[in-house]
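One chain, chain A, appears in both complexes that follow, with chain B as partner in the first and chain C in the second.
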Partner chain A sequence: MRVQRFWSIIALLFGFIYFALPLIGTLEFSLRARRGVYSLDAYRSVLSDPQFRETFTYSIVMAIFTIFVGALIVVPTAYWVRLKLPRLRPVVEFITLLPLVIPPIVIVFGYIRLYNTSSFLPMTGSVTGTNLLLLLGYTTLSLPYMYRAVDTGLRTLDVATLTEAAQSLGAGWFTIIARLILPNVLVAVLSGAFITFAIVIGEFVLASLLNRPAFGPYMQLVGANKAYEPAALAVIAFSIAWICMGLIQLVTRFSKHTKAQR
Partner chain B sequence: MADTLAARRRLPLTWVGMVPFTAFAVLFLLLPTMYIVVGAFRSADGGFTFENLVNLFQPSILASYWISIKISLATAVFGCLIGFAIAAAVTLGGLPNWLRGPIMTFSGVASNFAGVPLAFAFLATLGRLGLVTVVLKQWFGFNIYAHGFNLLSFFGLTITYLFFQIPLMILIITPALDGLKREWKEAASILGASGFQYWRIVALPILWPSLLGTLALLFANSFGAVATAYALTGSSLSIVPIMLYAQIRGDVLQDPHLGYALAFGMIVITGIANFVYVWLRVRSERWVK
Partner chain C sequence: MAFLNIEHLEKSFGTNHVVKDFNLAIEQGEFVSLLGPSGCGKTTVLRMVAGFETTSSGAISIDGQDVTHLRPNQRNIGMVFQSYALFPNLTVAQNVGFGMRVAGRPKSEIKARVDEMLRLIGLPKLGNRYPFQLSGGQQQRVALARALAVQPRVLLLDEPLSALDAKIRVSLREEIREIQRELGITTIFVTHDQEEALSMSDRVVVMNGGVAEQTGAPFEIYNHPTTRFVAQFVGTLNTLSATVVDAKTGGVTVGETAIALNRPLDGAKAGETINLALRPEVVSLGRKDGRDTVLAGRLAEVHFLGSTIRMRVDVGGTLISLDTFNTPDTPPPQIGEAVELSLAERDLLVLSD
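Presenting the complex of A and B:
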């Protein structure tokens, strides 16, 4: 037992050092911009860069739209599959996991060739079209996380009984999904939403290859041209990831609380 | 008879509910992928050919596949070993229980932290002016760059990738370790097995499919990663995703169909790895419930 604990502590200590050093290193490096003293110069320089604000806003707007479109597609589908087509569940689950199997760079390669200006759906021909394509690409990337979250949320509900109760009270499909199913899986949708947010904010490949002014390509550009600003950007990006994760925890805890009261 | 007729008439309506999802999946996931796959088997004039795939077997492309496979394998193996050690320490090591929550949460964040910022973090730590490099040089007089270390290399990329590979391993293997029943260990020790024997004869054979499966998943995970490598090394390290990135941007291979074949090769490799993962996972679920 004592030997076991000794090795456990060694493993944990190793892990702690490996994961803490890059975080400390980044933080320290981001403060080094002024010679000899620690300062927030790198952050000031980043935050005052108009391009930072533009790309950051662009990515945030993109993330919010992605979450909406993703929820719009996933919630009704997951509900419908559970209610009417349980046979299809393995198939739908398989399709939603495909974005983890097919590398994103291959998917976007397909977009560029399939939706170019001479195709049946020339989405890359206009700015709006390309934005839409990027949005739908992000929705594809978020599909595995969103679907799994919502499907797990639906598992705790008696979907059939709820639906029959709503129908006997005269509710149509739209009312059932918007006012009955959605509120019940809202926590799941939110936890899927925060992961989506964290992914979209820093995403590089899709935005870069579709030539959209997103935060990921901007970070890459700064990294190639500046010394201390990249570290400041990494600190900002990591903080966002942490905030998203914290919000997931918060939302899940909040939901447990309401369930206990019932 | 009337029943089946009514059922048949009702069937299409049920399927209407699947239209939005199906349309989305076909247009933005399946069709683009199929386009690449079909393109890999099509010649410049539109006929069917294996020539593109044959053309993959030229030294420069084979070399980049090889280095990609080596990096993915190295990060998968080390990710598995270290992740397993940490997960085992947390679940079975007799450490205080409150450690578990923060470690799992951190793993959730770090496993999704692949990308440009991760490259910055490692440049700031192990780059030429990074914290660790500077501290080792000033305090211990040891210059790692003079001793052959370079972050922009195979080794450097492996160390960087481990930052998201280890947490992924922890997230996936912890439930499997939780599934090891305490009765098994008790039964083994009553029969006179030592701790080492318990692991060798009981625990590892049960965990084996999960371990190998996760190895395959980690392999696929790092094989498709672009952003970290690109931000870290630019295009100096010619791994497959970076080669494909350059090909999409500017047709560096000077043959669009060879580009499709390159992408097709990536799908095949990640596809096989994921298939192995799913297959072994199904096997392991017979034991770990």
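Presenting the complex of A and C:
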């Protein structure tokens, strides 16, 4: 028992050093902008940069739209597959996993080839069209996380019986999805949403090749031209991801009607 | 014409023919149970009435309206499920009022109806609770209130008591029946529990292999089963093989004992073997007045059940069960002891297969 405990502590320490040490190093470096003393100069420089605010705002807006579109596609799909097409579940799961094995660069080149200015649908010819393309690309990238989260949420529900109960009370499909299914998988949707948010905030390839002013390319630009600011930006990006993780926990904890299931 | 009519209903899943030429006419306010073992098709019939399954052929009409091809949300049928199926994100009051909200009823009307329903099920103070904060019995009461709140034309109960423990099951079945009588709502109740079906229903439909084997009042089903399946499925039954001696007068032999049934055995011939059935409660231990047929055997088993004692007596290789009341002054005989059983020939049922 004691030996087991010893090795557990060693494993924990190893994990902590492996993950935390680079972060501590980055944090420490980001604070050394002023010679000889620790300061927040690098953070001040980053936060006062208008381009930071512009790209950060753009990415936040894109993330919100991505979450919305993702939920709109994934929730009804996952619900319908569970309810009517359970045999197709492995196929749908495979499709949703594809963005993990197909690099974003392949996706974006595909987009550019298909939707360039001389194509039948010249989406890259306008800002709105390119934004829409980027939004759809982000939705694709977030699909594996969003689908898995929602599907796991649906697994805790007796979807078929709840649907039948609602139908017997006169409810149509829209009412069932909007008033019963979505509220019951909201925690799962939010989990997927926060992961999506973190992905969109840091995404570089799609935004860069579609030439949109997103936060990912901005980080790359700063990293290539400045010394301490990239470290500060990395710490900010990590903080955003952690806040998102914290929010997932918080939402799960404060969800009233799911208390019994946990 | 009956209020709810089911005519020549058939259902197949691929090559599996699960409901075969099912017919049933239910009067308004009647409580009818579909009773049968797992896989007999009772739930499929109920689901076709609710609209959750399409019919392969046949017709279903309610109050003169053909509902066979209507969607479930267009039939105005209330349904209570075995697993309660309460919406976890809604409070009790919101669950009960859900159907009325969907129908776009005014808030004041919904509130009044929800209060009325909660009073009806005896949970007037639990409106703000969530389903997970209720016991199984309370959840099923709420599910019943939710189904009744929309004032459905027909109430369907799909094994609503199966998930509950024994005591609550008995009290809740009495409550359900009382509420059904009070509201006068036409009800179909699906169960595999014969005690539930017999104690609650106006009529019972015993199903087997997708077919309605017998339909009748509980008294009739229990005392006059027309097939071997019904006789064996409803209650406990002793079956005896008898050899026909005289088909006209009903003379048969069971082992070496001659028995006069005093009724003609239609279609039977002398020398043929027929099946006789006997309920445990009509067999007496020892000789009794009015029970002229006496069978000798040895006591093989004794099961103490509290108010009654069930004994099994080996009569020429056939085990016959009998029930006696538990009287503290008279302990049952010892296992292996020679005993006599007496019965009246009128209690012997002749079974067709």
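Observations on the structure shown:
To be clear about the criterion, the second predicted complex is superposed on the first by the 240 of 262 C-alpha atoms of A that agree within 3 Å, B and C clash if a C-alpha of one lies under 4 Å from a C-alpha of the other, contacts with A are read in each partner's own complex, and residues count from 1 in each chain.
Everything that follows uses one rule, which is that a contact is a pair of C-beta atoms (placed from the backbone, for glycine too) under 8 Å apart; a residue touches a chain by one contact, two chains touch by 3 or more.
Everything numeric in this text was worked out from a predicted model, so none of it was measured.
Of the two partner chains, chain B is the only one touched by A:W80; chain C is not.
Residue contacts after overlaying the shared chain place A:T161 against chain C, while chain B stays out of touching range. With both complexes placed on chain A, chain A has more residues touched by B than by the other of chain B and chain C. In the superposition on chain A, contact of A:L12 is made with chain B only, not with chain C. Of the two partner chains, neither chain B nor chain C is touched by A:A20.
Shared-chain residue A:P104: touches chain B; no touch with chain C. Of the two partner chains placed around the shared chain by superposition, chain B is the only one that A:A237 touches, whereas chain C remains out of contact. Comparing the two complexes, no residue of chain A contacts chain B in one case and chain C in the other. Residues 50-52, 71-73, 75-79, 81, 83, 85-90, 98-99, 102-103, 130-133, 143, 146-147, 150, 156 of chain C are the ones that touch chain A when the two sit in their complex. The part of chain B that touches chain A in the complex is made up of residues 14-15, 17-18, 20-21, 24-25, 27-36, 39, 82, 85-86, 88-90, 92-95, 99, 105-106, 108-110, 112-113, 115-126, 129-132, 162-163, 166, 195, 220, 223-224, 226-227, 230-231, 234, 241, 244-245, 248-249, 259, 263, 266-267, 270-271, 274. Contacts from chain A toward chain C in the complex involve residues 157-158, 161-162, 164-172, 175, 180, 183-184, 256-261. The touching residues of chain A, counted against chain B in their complex, run 1, 4-5, 7-9, 11-12, 14-15, 18-19, 21-26, 28-30, 72-74, 76-77, 80-81, 84-85, 88, 92, 95, 98-114, 136-137, 139-140, 143, 195, 198-199, 202-205, 209, 216, 219-220, 223-224, 230-231, 233-234, 237-238, 241-242, 245, 249.
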